[in-house]
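Taking it in order: structure first as structure tokens, then the write-up.
By letter and in written order, the chains are A, B, C and D; residue numbering begins at 1 in each of them.
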Amino acid sequence: MATTPAEPRSPEPKTNHIGLTVIDYKGGKTTLCAGCGHNAISERIIEAMYDMGVQPERVAKLSGIGCSSKSPAYFMNRSHSFNSVHGRMPSVATGAMLANRNLIALGVSGDGDTASIGIGQFVHLMRRNLPVIYIIEDNGVYGLTKGQFSATADLGSRLKSGVINDLPPIDTCGLAIELGATFVGRSFSGDKKQLSTMLKAAIAHQGTVMLDVVSPCVTFNDHEGSTKSYKYVKDHEETLQEMSFVPHFEEIDVEYDAGTTVNVTMHDGSSLRLRKLEEDYDPTHRIAAMKRLSEAHDKGEVLTGVFYVNTKAPSFLDMLNMVDQPLATLPESLTRPGREVLAAAMEELR
Amino acid sequence: MATTPAEPRSPEPKTNHIGLTVIDYKGGKTTLCAGCGHNAISERIIEAMYDMGVQPERVAKLSGIGCSSKSPAYFMNRSHSFNSVHGRMPSVATGAMLANRNLIALGVSGDGDTASIGIGQFVHLMRRNLPVIYIIEDNGVYGLTKGQFSATADLGSRLKSGVINDLPPIDTCGLAIELGATFVGRSFSGDKKQLSTMLKAAIAHQGTVMLDVVSPCVTFNDHEGSTKSYKYVKDHEETLQEMSFVPHFEEIDVEYDAGTTVNVTMHDGSSLRLRKLEEDYDPTHRIAAMKRLSEAHDKGEVLTGVFYVNTKAPSFLDMLNMVDQPLATLPESLTRPGREVLAAAMEELR
Amino acid sequence: MATTDVAPQGTGGQLGRKRIVNDMSIQVATVNGSGSQSSNTVLLRAIFQMGVPVSGKNLFPSNIAGLPTWYTIRANKDGYIGRKKEIDFLVAMNAETAQDDVMSLAPGASVLYDEPLALEKLRHDLVFYSVPYDKLVATVCPEAKLRKLVKNMVYVGVVAQLLTIDMGEVEKAIRKQFATKVKAANLNLAAAQAGFDYAKASLEKRGVFYIERMNETAGKIIIDGNSAAALGCMFAGCTVVTWYPITPSSSLVETMIEYMKEYRIGPDGKATFAIVQAEDELAAIGMVIGAGWAGARSMTATAGPGISLMSEFAGLAYYAEIPGVIWDIQRVGPSTGLPTRTSQGDILATAFLSHGDTKHIMLIPCSAAECFSMASDAFNLAEQFQTLVFVMSDLDLGMNNWMSDPFEYPTTPIKRGKVLDKADLEKLGGFARYKDLDGDGVGYRTLPGTNHPAAAYFTRGSGHNDKSNYSERPDDYENNMERLNRKFETVRSFVPRPEILKGTNAKIGIIAYGTSHWGIIESRDQLRAEYSIETDYLRLRAYPFTREVHEFIEQHDRVYVVEQNRDAQMLSLLKLDLKPELITRLRSISHLDGLPLDARSVTDELSTMEGK
Amino acid sequence: MATTDVAPQGTGGQLGRKRIVNDMSIQVATVNGSGSQSSNTVLLRAIFQMGVPVSGKNLFPSNIAGLPTWYTIRANKDGYIGRKKEIDFLVAMNAETAQDDVMSLAPGASVLYDEPLALEKLRHDLVFYSVPYDKLVATVCPEAKLRKLVKNMVYVGVVAQLLTIDMGEVEKAIRKQFATKVKAANLNLAAAQAGFDYAKASLEKRGVFYIERMNETAGKIIIDGNSAAALGCMFAGCTVVTWYPITPSSSLVETMIEYMKEYRIGPDGKATFAIVQAEDELAAIGMVIGAGWAGARSMTATAGPGISLMSEFAGLAYYAEIPGVIWDIQRVGPSTGLPTRTSQGDILATAFLSHGDTKHIMLIPCSAAECFSMASDAFNLAEQFQTLVFVMSDLDLGMNNWMSDPFEYPTTPIKRGKVLDKADLEKLGGFARYKDLDGDGVGYRTLPGTNHPAAAYFTRGSGHNDKSNYSERPDDYENNMERLNRKFETVRSFVPRPEILKGTNAKIGIIAYGTSHWGIIESRDQLRAEYSIETDYLRLRAYPFTREVHEFIEQHDRVYVVEQNRDAQMLSLLKLDLKPELITRLRSISHLDGLPLDARSVTDELSTMEGK
């Protein structure tokens, strides 16, 4: 990944709290269409990782196949990345985290990669609450194969060709909550502040984070009649909360009114502040969250915000009770039992 | 399928309204364990098909792989059957219905076949609302491979070996409703009346019927500590409604009190009567249904009954606007356009 | 044909001033998404309409917009429409690649470029023409935002003038391209005319390349293989189509949707078909198998990754004996590989797709016409032999523009195979699904829904006897497997026979298949002309192999098997099928770079192997 | 060994009264789920403890309870522990199959049956013994509901008495079987004793079969191949195991879970491994690949249907070069096939698993000891060559009881292959993931999490250059594919070499692999003894083939390739690899009925093919 110079650069550039500049989080030049929502999301990821002072080398980028799944090549060149096969990123991500529990797994997928071919692995990943940030760059179509409907396309949504979608969409957020993900939200590639804030909280969370980010496909699904166009989202967006994030390493703290604002203390001590825009919406209440999502459907809203967060549930890694050190680099002394063990096993079989 | 004699039998045996005896609905000798819940379900299917006077030749039995998926060999030998591959029955059923829309598709699956390997195809089948009766014979384990946990096993459920399940179960009913199935319920292999009634209503319904039938595995999951044992279900069952069914071909009709009973008129004119055991539970209300299911979870109830029914939604076959005659047997005159059509196509390309 | 016509090619430019007529390849270098497709098509058609054989190949990146793309039109009076290695006339529209594009040309080639690119300094052994596109466009197209689109049409006019292509044909092509959109047509026509006029006025023709009228395309059509396959499947009586989008197969089904909507609506205004976009390839083939089992003529189209995902189901179809047709539009593997490059790399994996002892029928079209005709063959074979039939096309055939004779209406009626209906059962009383009554290894089946008490049988992927009852008996299993083998042997005499082209008493044979055909026919003439090597040529059209294949190899001392993959996959299948004595005669020539096979590469390699 | 010892076998009974010592097969016919497993094991162990070589094979149905099951114990002084075709001593406990079982015996065999079955009337050329099981059980087991369980132990006592097996050994075996469960042990012991006493008192020994003490099993162990593999993987330093249950592979992982929980807990009481039950095989291999990429020694175990489902991912691992180990415990295909029968039917599908040009390494164990040792080989090769390694076991090896020498502690340290860590990168400054620095085709990799700014690289299944950057360049693609080929060639000299057993100047060679080995070594002696056919024998242990394989074929006029599948799959791979001249020497002997290969079948077929 030669594009990022490792040597020191021009006099005192702005750095984050681990002393890296934003350039240390940059990726290769995008080959996606100009204006593609996915590019904006890559920018937000860079931003959030920089602001949170995440060591790029700790991050593992994982993806399936699609325009969205290509995007890991366009941010964070100093992180390992695995562009795997279509719809199977969840299993690859799971394997990677088993091998090295210290990694920060960032999974990038598309609505086709997740909701169509990938829904099976998606369901089981959510169920395990594996520590991973799972981002769906959701444009309602298969961009890379030229714009067929995916399983998140809304009823009645229309393609340029005039074809109408007559199947109900899969609400990946509803599913994720139903199945056990512990941090679930929806955002919009065009909403810088909301998206970066959510991403920072996502980085602070331990467990499965599932973010459905509506990300318009300017080439195949940004026209009149599409429900995933920039215009449609702007016109129909309903935001649950106004959010702000205070990372654990920042001393200064702002006051907030407990009546109107939910304060979520994340695993690393950061706090996510959600100022309610809807009376008594409680993001820690599973059933209410699912109920609200179904209503949004019936009302035709594009509902955004943090729908559900649970910082208590054990993650898949906790359940496995593995040694703290990554399995990947355990010494032979720990991975190959001694001769006496073999002898004992043989004795039992005599 | 020689086991069922076609010649007339001993003087006036009891017959149904199409003049068939119950023997015409019988299958081969079961090879499942004595006491297996799946055998009881086969009995109920025979009963319901007989009572509804379904022509056995119209039924297509479809299944995946597992003890449950073997059971179609043990009922209705006069119906074609396809024991396909593990977890993929939904796509095979879909293909069969596309080929012949007049078939009555009866899909039999297991909790492993559906919720583990098969969850992807399950999700998309539900979404399409394809006319099919989808039965999950749910014992929380992989019976045929000797009793490992499946994805419907409850948190904390224990195997004979002592292994505890630490992953949350997938609620196939919740999923089915969320995804668009139009007749969703749960029953118990031990509850003759409720199960046959549901099956009859299922036969009368057009669209996807999803029935999760708890069906204990006496060999691997019927012990103390299992949440899918006969005893556990009996102790924790909560029934939503007391149900009765009046088939369209039966003149006589019983009075019912509209206040305490929901009357659902099925596509074929039959009526399903649900006497509420829970105040104001409305099985036509999607969100309420999902809410009630999540609550059941939190309370640790085994909730049974008809959770959701929608007789209005268009089925997948409606959306495809196919000719009424089965595609399978269309004459060449309808499936091969004339010479003039080829000539025209060629002209366009000159 | 006269050898002198052929010789120059390899060394195009070097000829200096000799006129080269109706024998050139024109490459348009641009970026994808810039809408150059329509101007390329117009140029292709204009030449085609002048009676000159042509082909058009699009070399595009695996993304949607903004990356380099090359469209190559080959015009050849001798009817060589395979890829030509050398570019004779470059239209350089892409600043990013212009330098490399120019540097890779053979001396004597012509280059047409956008003035600001100032390419003429790069080399002195080429003929350069520069055009101020923006100026020209501005004059004809007042609306600024449309200019980007029509700009490309300008070069069509320039090229027409430089290569002496009749502007009347250009106009005709433009009108056809924009059909009902008259305003767009006029605008584009004006752009082309502006280019033509500019060239006439300001460019001095120095190149050696000319297009002149001839009469080799009368009545012919231009079509891509996927569209031809779509038509073929429609006329084959296909009733159920399932698919999951994947390059390069998507356009097959998308075109089919258009055709079916237009021509397959029944009297009651309802569809005589069902086309379903599945959630993935496992579901797509599952639906094909469910539909085939229930009596539909069902199919799907996919590419390598889809084939891999279909493995388990393919074994079920083989063992439970269920018909279905699967189009594999091959692209470069392994894995995701190069999704927009062509290959013949799925042959071996498909022949033995799935675990256990499995084998599958493959049909291999080389032309649009065969995509059409083999569609019927595929469905007939699938139902006659109650098994899957894979049609192994590729990206070059499927997505590029090919000149073709118009397709012939199917001569044989649809063959549904051994299906017993109610009436049959009333006569017979019953049947045994997998019993080999006719000695051909093929049993009789019934369709679900057949209204007779003895119609039903139980289909399973687990062990069964000839009554299709469950069986773990060693003898039942062995007998059934041996019958399946017999069935596959029977297939040999029913699949399409190979095409054989003879040289004059040649000792050397060439075996190839699919799109390699076009490179081979040209290479054979080169071998004769340049090395006086006579060859006979057998083009495989199916697996399992027919008698003719063995005979052909018996008749030759050395047989070169030419294919577009690394591991000599078809040669491998031949090795498994041939008498061991014959295997020594086989030589492998494999082409591996993802570009359509060109004659020159074959000629060079074969002549070298022949010690010339 | 003396030929006379061997000769009688084929024709067992006919010998009439000649004593046959330590050379017999005992078959117990019962129904599955009836808990006969423990009595069978006790009988097996008792004979084993008497120093007589044994093996135990379970022929069970693909369901859970109530269907016929046959357990066959073979005792053989010459160490032939493969399957023997003929049954010498039948213990008929299953009314349903008793008749067939008896009718299929060779004359002279003995039959022990439950009195009510009254089998003695069936034939006159057998030796019958009847036992009133229920009476006997009632006496020793007051609790009625326990009787069903201990009933089976009665026949152990009877058999012991009739075959002169020392009751002391029976007791020892029972105590081992029930370990801590003393009450159960005593109850079962009483049952066995009752059987023994009854036989002593009321049965007159008329059969010719005897077990006598010898000293051929001292220090040996009895184990099934899957348990051996589980141990092997634990000692190979495996850290991540993913699986999806499937017969006959499930027990490999289930046993491994037990061992790992016992022996792989770190100092802090935490696991030095992760074992995950995946939702299906696609997820299982996906996790293996993700873990292998991130540096774990990862594996999964499956059978044919799982192999098919892993096709797409297998291509990714080949092309992106990711290590992983996959155990294929082969069962009978195609499709679901016969899940409880053994086969070698996945060889061809696995060698070329996935679309495009792919090839995979296969290791093939023939014994429990090799299941153990090849586990280490597999993980080392996977990491050294950064690719998948398939270990091709089968149901016969994996699930049956085998006598074995105790396993040897791994002699070589764990080989992690070419992995660059922080320190290396500080020296080098950077690296190119797919660059062939060492000429062996293998590049250097880094693990995610390596804390150095130059550590990261981008892994993809799409086209890439040697820096692992995205590339669609024809030359990058071709170079990469050729390097992968070089890598595969390098593998040849690192995989386990074949085992070669020489006859005395034999012209005929036999090639076999896996569990066929046991039939072959016995058949070679039969061929020598009965037909004086001398053979050399090469047992393949890996694919790709090593030099020795080619040499072996060169050294023989005719080479018989014996395998347990229909399509001569390994012979096919040989054809693709051999000099064409050598192919003419190959002959195929394939065994297809799902039962373990027996010597007699090979002897008959080979001798016939040799014209004897």
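The definition used in the following text is that contacts are C-beta pairs under 8 Å (C-beta built on N, C-alpha and C of every residue); 3 or more make two chains touch, one makes a residue touch a chain.
Since the structure is predicted, the reported quantities are computational estimates derived from the model, not experimental observations.
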Self-check item: Which of A-C and A-D has more C-beta contact pairs
Solution: A-D
Quiz prompt | Chain separated most widely from subunit B, comparing mean CA positions | solution = C
Quiz prompt | Whole-Å gap separating subunit B and subunit C, where each centre is the average of the chain's CA atoms | solution = 44
Quiz item: Roughly how many whole angstrom separate the Cα centroids of subunit A and subunit C?
Solution: 40
Exercise. For subunit A, jot down the residues that touch at least 2 other chains.
Key: 85, 116-117, 119-121, 123-124, 151
Quiz item: Do you know which subunit C residues sit against two or more other chains?
Solution: 61-62, 279-280, 305, 312, 316, 335-336, 460-462
Quiz item: If you look only at subunit D, which of its residues touch subunit C in the complex?
Solution: 61-62, 304-305, 307-309, 311-312, 314-316, 318-320, 332-341, 343, 345-346, 348-350, 352-359, 460-463, 472, 474-475, 477-478, 481-482, 485, 565-567, 569, 572, 575-576, 580-581, 583-584, 586, 592-595
Quiz item: Can you list the residues on subunit D that touch subunit B in the complex?
Solution: 33, 61-67, 244-247, 250, 277, 279-281, 305, 335-336
Quiz item: In the complex formed with subunit D, which residues of subunit B make contact?
Solution: 31-34, 65, 67, 70, 85-87, 116-117, 119, 142-146, 148-149, 151, 219
Self-check item: Complex interface listing, subunit A residues touching subunit D
Solution: 1-2, 4, 6, 24, 28, 55-58, 60, 62, 72-73, 77-85, 88, 90-100, 102-103, 120-121, 123-124, 320-324, 326-330, 332, 334-337, 339, 341-342, 345-346, 349-350
Quiz item: Touching subunit B in the complex: which residues of subunit C?
Solution: 219-223, 231, 234-240, 242, 259, 263-264, 266, 268, 270-274, 276, 278-280, 282-298, 312-313, 316, 406-407, 409-410, 413-414, 430, 446-462, 467, 469-470
